[in-house]
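One chain, subunit A, links the two complexes that follow: it is found with subunit B in the first and with subunit C in the second.
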Partner chain A sequence: MTRPKGKPRKSGRFEFTRWAIHPALLFTVVLFVLPLAMMVVVSFWQRVYGRLSATWSTANYSKFFGTEYLLDTLFNSIEVTVVTTIVSILLAYPLAYILAYKVSPRWQKLILIFAVLPFWTAYVVRSYSWLLVISENGIVNYVLLNLGLIDQPLQMAYTRGATILGFVHFFTMLLTLTIYANLVQIKPSYQKAAEDLGASRLQVFFRITLPLSIPGVAVGAFITFVIAIGDFITPQILGGSTEVLVPQAIILQVSRAANFPMASVMSITLMLVIVLVYALTAKHQKMDRV
Partner chain B sequence: MKNQKLHTRPGMSRRTFLGYAAGISAMGALPPKLSHAADELNVLVWCDHADEKLLAPFEQAHGVKVNVKIYEGTGTALSIIEQSSPGDWDVLVVDAPDTPTVAGLGILEPLDESRLSLDDLFPPLISAEFNHVDGVRYAVPEKFGYYGVAYNRDKVDPADMRTAQVMWNEKYRGRVAVYDYYFPAMQLIAISMGRHPDEIGMDDLPVIREKLLAMKPNVKLVGDIVSVQNALVNGDVDIILNGAEFSVSVLMPTMPALDWTIFDEGGLMWIQGIGIFKDSGKKDLALEFLNYILSPDGQGRLATSECYWAMPANSQAVLNEDEKKILRWDQQPAFLDRSVPSTISQPDVDLAMLDIWTEFLQS
Partner chain C sequence: MNWLRHFPSTAYLVIALSFIYLPVVVLVLFSFQDGALPVFPFTGPSLQWYEKMFGNERLVESLLNSIVVAVLSSLVTTVLGFLAAYGMARRTPRFAGGIRFLLMAPLTVSYLIIGMGLLITFNLIGIPKSLFAVGLGHVIINLPLCFAVIYSQFGDHLRNIEWAARDLGANDTQTLLRVIAPIMKPSLLASFCLSVTLSWDEFIIAFLLSRFDVTLPVIIFEMLRAGLTPEVNAAGTMVFAISMLTIGVGVIFMFVVAREKK
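What follows is the complex of A and B.
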């Protein structure tokens, strides 16, 4: 039985569907749209110690984009995040591939559990744990020194490399999951058809599997980018503030000086970078494939 | 078809809008998380006030519950206060130099000195100007300490630690952690140059900036208390600059190689003050809490908090011999003689200092 197009059905199910979106909509409006709008407004205000002054000006934007060491925080964030994303993809893809095609279903489950283990520990605990591993008296230096491979402990903690290491540890597993979920959705018949037509294994991978798995890579990479570029804890603990990323600069402005206008400028800039990255990768992101 | 359904209502109807508005209003009308019950005291404090051993005697003596909200940094405290309703808070612990700023916001109650136990407080603390605004007292010093240096005696020459020149001493290249607090760090540099911290003006900042940036080769990390403590304990660094008793005393009972001192060129004091909110509905109970904190017993418990140790403001504080040794208690009169309080600079200088600090971190 059909009903005229555009005429709402008066069934209970329709009413429920219609109203079911309202809590989420309300949640988004109250906790995202309104605060975001407020943040945009505040970014044009000025800070007088302890108080916000509603004096409209673009001075905060001019200062952020016109001051080398402030702008460098943005470049640092982008560099660290891009390197993290690339390294994580390079590590995650082979792992996901092996998991999807070379491991029996029984072992897949076990390995997937291991893959999500990093998510079971608190972020702060995980970061401090890494310090125990890479500090001067940590496990890595202890082993290398005892094997006679080095004379002096390597400085690994409190560097950009340490920050990236902490990120990669977490995001490799996240990307493994998104890529794996995509790979197992690719119909084996595509690969078999290619092989039947004479394609080598490498050709099958590069012309069938890889292109079809790009959505999983793109979604995972985007999530990695968004979380990493906004993370404060990892660079703070593992990086040791020897260079500043945007989230650290934001915390510095808020906690030390209550300078919410400047912190808002930095936050908005960070969001614009994320929007830009989304715009550039949107056509590859197919959430339903992950 | 799904899309068609969703698009049958292109805009938000008035009824829906009113529904949202009512929802938002209802959220605003929800009772605050803080209790205003007569037998509860809401205190906004640093982490050293959260110990059971500190709060329990007061709670038992007065039959009340002390609700503790911990903050770090005056900026954070002001944010919390701004988001609260008048009367939510009863007691505030604040960096003493920030007292005039906070009092200037009109949120602190003037204190009647005749109702406070001030007699045994160290004189330099009780007479400090920043406790008062226009001759009216708004806070009482309750705990203090120094920005100086903490170190591992087994790894450094303790004699080197007594001079501020250690900040640039090439012997300690890459062996230094700096506690991440910009203005005392720069005030220590001023002291090393023979300048009084209070005298720092815009004209002094270029030289201070130069000296700060020159310190960077020695610096392995800049971090909060936990981070610099962790680095010292792990052996990643041997020295914590801009830290002293508050950064290592709590560790010293189990790590006797750790120690701290102030510089011969002069010490820089930090002082915590405690005050009462003007809109508190329990000012008498809040005053009782202040007097308990200032009592010898309360002071001993506050000084040896699990969060961080530091000097009690009361010279008669109850401390055992080990605690006195760790806190260099016998040296306090001499330390106080050659120390000055770390005070906040003028707002424009303060902002410029934060900018220089950010540049230092980035360099």
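What follows is the complex of A and C.
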């Protein structure tokens, strides 16, 4: 091989297509890689009398992991996110299954689009609209009071349950989409073969359909986890200030105390949790199958 | 007794769809409320809250800000994504795998963390909080998706047309702008619409990186401090309607793309 290393110059003229990829790369490096690197740097700096001081130490990390109320935000976040993910899967799986197997093909796409349309409802407004349903004078309390089932309005808004409700509503739609996309790719011949060999309908489901649909569940669950654990709006609007999750704690550090080092520590911790979850679930998420 | 056999499935479908649509219906319904509280009993319909909303200067201003940020940032994103997709598909660079990974990486990081990183960086290098900063943030969160959507359309079926253009004497730049770009129009428009929708709806980056001029989601968040009011319902209904419209247009372009592929 005697080909020269660089691309042969066709003409002396400038061809900007040669640099087609570079603007996007420049943007990604300057607006993504550099900021993340800066965040790591700042997490080792100190805040002295309200100003950033480039004194290197791990003090912020030991403060975060050593202070109970700060560390609790991490445990709260993980608990809420895990419960959200599990409940969303349990609700979304039957929906995706019914769409894929019980609804005639003509209607499948239409109902699916209909079922995930509110996914695009304005994000801030979506949480707010749940307040209309569950707040003290909201619809649920109105109905229950008028039916005489309760004497006092139930306190549903501004609790952990409300946060989870808002999340589950959102992610059920997302998971329905990923699970459905996986289910319709399973070849019907597998299920037929199992039936011919004498498997009952339950056996077909548990030994054929369910295992083959795990990638769709895993991908959806991972996206759910990533978005939910980094979400500020839903816990802020629906959960109120009864308990603080990490994103709320980060915003508090920034807006109240202008404590960028501590906010960076929390952000990096969140990222590490996400990386860890990815590492644990990666082998189940065969993206190409979804 | 066919319907009996289907009953559990149908029931689940109806319940699930009701759950999904309950808050949306309540939101829209009570934006037409004729009273001070967006809760039962419904006394309407009335358009008074829409009137109030459009009389709210700060809200109208933020609506325009949102449109400007969404359109401009999406234009930049689509152009960057298109060029990068072309470069990746036709002038496959060295370390192509690594570059693709880098371009897609922002997708795997929470908006909150990207926003925090930008806030810290802009703070250190002295870019003030502004709509410009918000726009930059929106470019970086939407770039991976635009790149992926457009890159997926650079199939080999295009190669013959490109070679034909070159045989007829077009140079690379001419081929890109006068042959490839027009053919790619549906996917360019689809990725533009996708990007507009996401930017239009984005809260946390806009919240962190703006100060005096803000976008609509930030204003709505501020309005929530006043508690439940039908005005927020009206604003929310409008945001929802515009999202639906953009998504609808985007989906139509996607269908055009899918049909042309066949």
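The rule is short, and it goes like this: the second predicted complex is superposed on the first by the 260 of 290 C-alpha atoms of A that agree within 3 Å, B and C clash if a C-alpha of one lies under 4 Å from a C-alpha of the other, contacts with A are read in each partner's own complex, and residues count from 1 in each chain.
Just so it is clear, contacts are C-beta pairs under 8 Å (C-beta built on N, C-alpha and C of every residue); 3 or more make two chains touch, one makes a residue touch a chain.
What you are looking at is a predicted structure, and each value in this text was computed from that prediction instead of being measured.
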Taking the superposition on A as described, I'd like to know which of subunit B and subunit C A:V184 touches: first, second, both or neither. neither
Answer with first, second, both or neither: which of subunit B and subunit C does A:S129 touch in the superposed model? second
First (subunit B), second (subunit C), both or neither: which does A:S241 touch? first
Figure out whether A:T17 sits in contact with subunit B (first) or subunit C (second), or with both, or with neither. both
May I ask you to decide whether A:T28 touches subunit B, subunit C, both, or neither, giving the answer as first, second, both or neither? second
I'd like to know which partner A:G138 touches here: subunit B for first, subunit C for second, both or neither. both
Applying the document's definition of touch, where does A:V254 land relative to subunit B and subunit C: first, second, both, or neither? both
Counting residues of subunit A touched by each partner, does subunit B or subunit C come out ahead? C
Report for A:A199: first if it touches subunit B alone, second if subunit C alone, otherwise both or neither. neither
If you stack the two complexes on chain A, which partner ends up touching A:Q155: first (subunit B), second (subunit C), both, or neither? first
Touching subunit B in one complex and subunit C in the other: list those residues of subunit A. 17-18, 22, 29, 128, 131-132, 135, 137-138, 237, 254
Residues of subunit C defined as touching subunit A within the complex: 6, 9, 12-13, 16-17, 19-24, 26-27, 30, 37-40, 80-81, 83-84, 86-88, 90-91, 93, 99, 102-103, 105-106, 108-114, 116-121, 123-124, 136-137, 139-140, 143, 147, 171-173, 176, 197, 201-204, 208, 217, 220-221, 224, 228, 232-233, 235-236, 239-240, 243-244, 247
Which of the residues in subunit A end up touching subunit B in this complex? 5-6, 8, 14, 17-18, 22, 26, 29-30, 47-51, 67, 69-70, 72-73, 76, 128, 131-132, 135-138, 155, 157-158, 236-237, 240-244, 248-249, 252-259
Give every residue of subunit B touching subunit A within the complex, in rising order. 4-5, 8, 16, 19-20, 23-24, 27, 72-76, 78-79, 101-102, 104-105, 174, 177, 180-182, 219-224, 227, 230-231, 234-236, 347, 350-351, 354-355, 357-359, 361-363
Of all residues in subunit A, those that touch subunit C in their complex: 11, 13, 15-25, 27-29, 31-36, 38-39, 42, 52, 91, 94-95, 98-99, 102-103, 111, 114-115, 117-118, 120-126, 128-133, 135, 137-139, 142, 169, 172-173, 226-227, 229-233, 237, 247, 250, 254, 260, 263-264, 267, 270-271, 274, 278
